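Below, chain A partners chain B and then partners chain C, in two separate complexes.
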Partner chain A sequence: MGDEEKQKAGFFQAIKEFIYGVAAHDSARFALKSRASMEHLFILITMGDMLGVPILPPYYSLRLLPYVVPQISTWKRRMLREKDLTDALA
Partner chain B sequence: MNAIFVLVLGFIVAFIGYRFYAKHIDQKVIKSDPKRVTPAKMYMDGVEFMPTSKNILFGYQFKSIAGAAPIIGPIIAIQWGWLPALVWILGGALFIGWVQDYSSAVIAMRNEGASFGGLSHKLISPRARVILLSFIYFYLLLIAGAFGNVVVSTAIALKAAPMAWLLLTIGGVLAGQMIYRWKKDIILTTIVTVVISLIGIWLGTVLPSDKILGTDLSNSRVVWTLAAFVFCYFAAVLPIWRFALPINYVASYIVFLGLFFGIVGVFIIHPNFTLPAYTSFSIKIGPIWPIMFVTIACGAISGWHSIVSSSGTARQLENEIDARPVGAGVMFVEMMLALFALIIAGTIYASPAEYGAAIVKGPGGIFAGGVAKFLGALGLPANLGRSYGSVMMVVLAITIMQLVIRFMRVATSELLSDISPVFRNAHVGTFIACILGMALVLTGWWQYLWVLFGGANQLMASLALLLMTAWLMSEGKPAAWTFWPMIFMFITTIAALLFTSYSLLQKVLSGAVKGQDLIGNTLMGLVGFFLVIAALVLGWEGFKAFNRFRTIKSQAAAAAKA
Partner chain C sequence: MVPISLTKIFEQYPDRRYIMFGGKGGLGKTTFSAATAYYLAKKGKRVLVFSVDPQASLSDIFKRDIFGKGPTEIMPNLYAQEIDADRRVKEYQQEIRQKILDMYGMDKIPEEIESYIQAAAAEPAMEESAIFDEVVDIVVKGGYDYYIYDLVPLGHALYYLSMASVYDEWIDKITNLRQQMREYDQVAAVMRRDKEIDEDAILNELLYIKERINKSSGILTDKEKTAFFFVITAEQMIITDTIKAAELFAKFDVPLSGYVVNRVLPETLKQQEIPEYLKNRLVMQEKYLKIIDETFKDDILAYVPEMDRDVTGLEMIEKLATSMFGDM
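After this line comes the complex of A and B, so read on.
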């Protein structure tokens, strides 16, 4: 791809991203927030097994564990972060 | 003067502000470093902290800050003449507006993505946080009241608006259902729902509200106030994907298509200003200083932007150098939007008397008339253009209103749940917010309400600049570029709020108003005084913090010498 074509593609990409930002980025953020809330519940269910303390019948929660493990690092950040009321404004 | 000249002047100011002033501050004072890790990367949690492209953030920031205010402010302020309004829009954006938007993003970015509550707690004092939260609650109430008034006056003045608004709501709810429940393709969903909204705009001209409801109901403020707040009630209590978000999604296409083609229309028609450049120092709502400086809020400077920049955008910046295009760049785009509104108000009427007759009915009619004229240059019939403009006005106001009521619900739960657990209930918090907002809309005179909202909004801006100045001082960086704008905004807005509250309460105490005006004046006057007191306490706390940082700096300098 020549320089001019690259520039053209970059320009259209920027326009595409701007329209996405105006129209849909907020929706995507709220969808992620909803998913995060569900994840919190999900991780709570399997917490016992992660810590080695069975809280629910372990068979079922052990089966859920592989789905939870990839989310643990971001989940920890969300849970441990200090939150404020003004966070809810945007 | 020709409208094109105003737009060109706007481009020049934007270029100078962005390319030179903002660049200088970004490189020499803030010293933004592309290698420094931003909170979006450091604390990436996949939800709020998420590295995002600057183009997406540019669109997100613009969509979040461009409500009805940059349009309504200039339409009202042209009563002092278009020249003072033009000077304030250009000067405000150049010296104060971008400074606040950009610095709010920077302060949050350099403080681990903390929002204003956390920052005021850390930089000023714990008491400052509580006062700031109460201030924000009443500030949001004034937004709900002022924007509610815009929706109601537009629905009454333009009978096509209610039908267009209804179909836009139906289109939005359908969009939510198609995307999240039926898992339909986003392009198909967008086309279907935007077409439904456009049909609504046409249907509004065929079936205006007075044909369906009759003259009395279609002119009733109570009916449209109820409609607006029931809409906000649903937006606040329903899952956000079901109502608020998809309606905003569909609305964004309607609004931005209208704005884009409207500006193209200005270039085609390039009209001359027909209203006077300057009328008089004092008009019915007050003197040019301080009242005009709060009447035009967004477009010159707005506290709302600082909230968006700090709580939303700062947590998504993937690179420090993106703060300038996103924070400062978008502010200059909004300045252009305010200039567009000024051109509409200044050029579509043949004489000041015609404008005077139109402004009495509210700013929605003027905006819709302007949109009709400029879209008319592209071949759209005038009645369709007016219907299009009316729904744009309703949408610009109500998208912010629903956000505000939703936040007031959360704030009620947070601030009052210790008193009684009943305040944790989502319906209770929403109900309280709606009732307070409705009381303001139904009893307050809209121009005073707008000035109070503008005052609170600008005061929020000066508090944001106060936080920024405190942070710059704590870091030992030059702070004059935020300190002097803060002083100007603080004095101006306190003066505006005191003037307006005094005028309102004087009428109450002298017995000049009765009935619903008595309630409206009392409520607005008291809210205004509360905001002044809260701001003064915050200002005092900020002043103590400045002294603290100055002492630390002088001690450090003395220690270095020793």
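After this line comes the complex of A and C, so read on.
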């Protein structure tokens, strides 16, 4: 690739990113945020026992445990923290 | 008394391969399970009788220690099995631990996760679920003409049945949520022009659980392949409870094949010199047998006499099987 072509590609990449930033970034962020909330809801339903809320029979929730190991501590923090004014700004 | 028609049920419906005896505790479910297994085995069918009760008594009735030993041959064609729920739970816990270690390359389970694994195993429902799961294994594996479930007493049996439908609904809801999550994943991926997103391992796991549950609840409610019998005795409380239970079982779509009356005192006693106490029992029995007759009518399949000894060992089982099914 010549210098000129590289420059051109870089230019288009920049435009692509700019458009994504203007048009889609917020929506994508929103989708991911909703996704994260659902993830926590999901863990609550399946692993509720950990907080003292047994919902799914434990035999089968154990099957799911390995997949949610990394999320457990953030989930617990989120579920157990006190709600305050700053939540609205988050 | 009606002629023995239990045999007819088995001859008329050879497709009913899953046989269950239900009823209150201590009425003879295990005895009838063993005797039915004996009868079918004598007929040349390969039979597995297994207990879903954590306090199983098949070992006692066959006078063989079969607990946790897998299907054990009792006589030609007759195999018996008692599930060791405790061991199954332990092995299962270990399996989960190993999976976590492998997935994340850890060399120790995080403390919080470990305590959850241990707490989950202490749940009372855990044992039942473990047995439930093992039964699916047994049935899926196949290899027998007949499977005889030695069921737990009524209350537990209902729990066992309802567990299937409750699980099923839950799994449906969770699976839906998971699918919705996946849609959000896809939306984000498309917008960010990411390549293919990872397969959702959890969704697959949920679908697997659903399949397992459907398999066992499918058997419990399969009118073609399952025969469910109630064991009753000529006593007021037993009759009342059985009527209630039968209604509940019907709600869960359990195909009820009929009733077997156990512990019937021989009528011939009447002609003999017997103490007042026995006379009174006979009068009471007559009264309740009449009620049973009027209540369950043609669904009564056999009257089994009170035995003069404990039913344990093959010789007594044979005797009882003869009174259930006629001469073999």
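As a convention for this text, the second predicted complex is superposed on the first by the 57 of 90 C-alpha atoms of A that agree within 3 Å, B and C clash if a C-alpha of one lies under 4 Å from a C-alpha of the other, contacts with A are read in each partner's own complex, and residues count from 1 in each chain.
Methods note: contacts are C-beta pairs under 8 Å (C-beta built on N, C-alpha and C of every residue); 3 or more make two chains touch, one makes a residue touch a chain.
It should be emphasised that the depicted structure is a prediction, and the values quoted were computed from it without experimental measurement.
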Touched partner set for A:Ala14, first chain B, second chain C, both or neither: first
Touched partner set for A:Phe42, first chain B, second chain C, both or neither: second
Touched partner set for A:Arg78, first chain B, second chain C, both or neither: first
First (chain B), second (chain C), both or neither touched by A:Val22: first
Touching partner for A:Pro70 - first (chain B), second (chain C), both, neither: second
Partner chain(s) touched by A:Leu32 [first = chain B, second = chain C, both, neither]: both
Chain A positions touched by chain B in one structure and by chain C in the second: 20, 24, 27, 31-32, 34-35
Residue numbers on chain B that touch chain A, as the complex places them: 43-50, 52-53, 55-64, 114-118, 121, 129, 132-133, 136, 179-180, 186, 239-241, 245-246, 248-249, 252-253, 256, 307-308, 310-313, 407, 410-411, 414-415
Residue numbers on chain A that touch chain C, as the complex places them: 20, 24, 27-28, 31-32, 34-35, 38-39, 41-42, 45-47, 49-50, 54-70, 72-73, 76
Contacting residues of chain A [partner chain B, same complex]: 13-14, 17-27, 29-36, 71, 74-75, 77-78, 81-82, 84-90
Touch list for chain C against partner chain A, complex: 92-93, 96, 99-100, 103-104, 110, 112-113, 116-117, 119-121, 123, 125-126, 129-130, 132-133, 163, 167, 170-171, 173-174, 177-178, 180-181, 184-185, 187-188, 191-193, 201-202, 205-206, 208-209
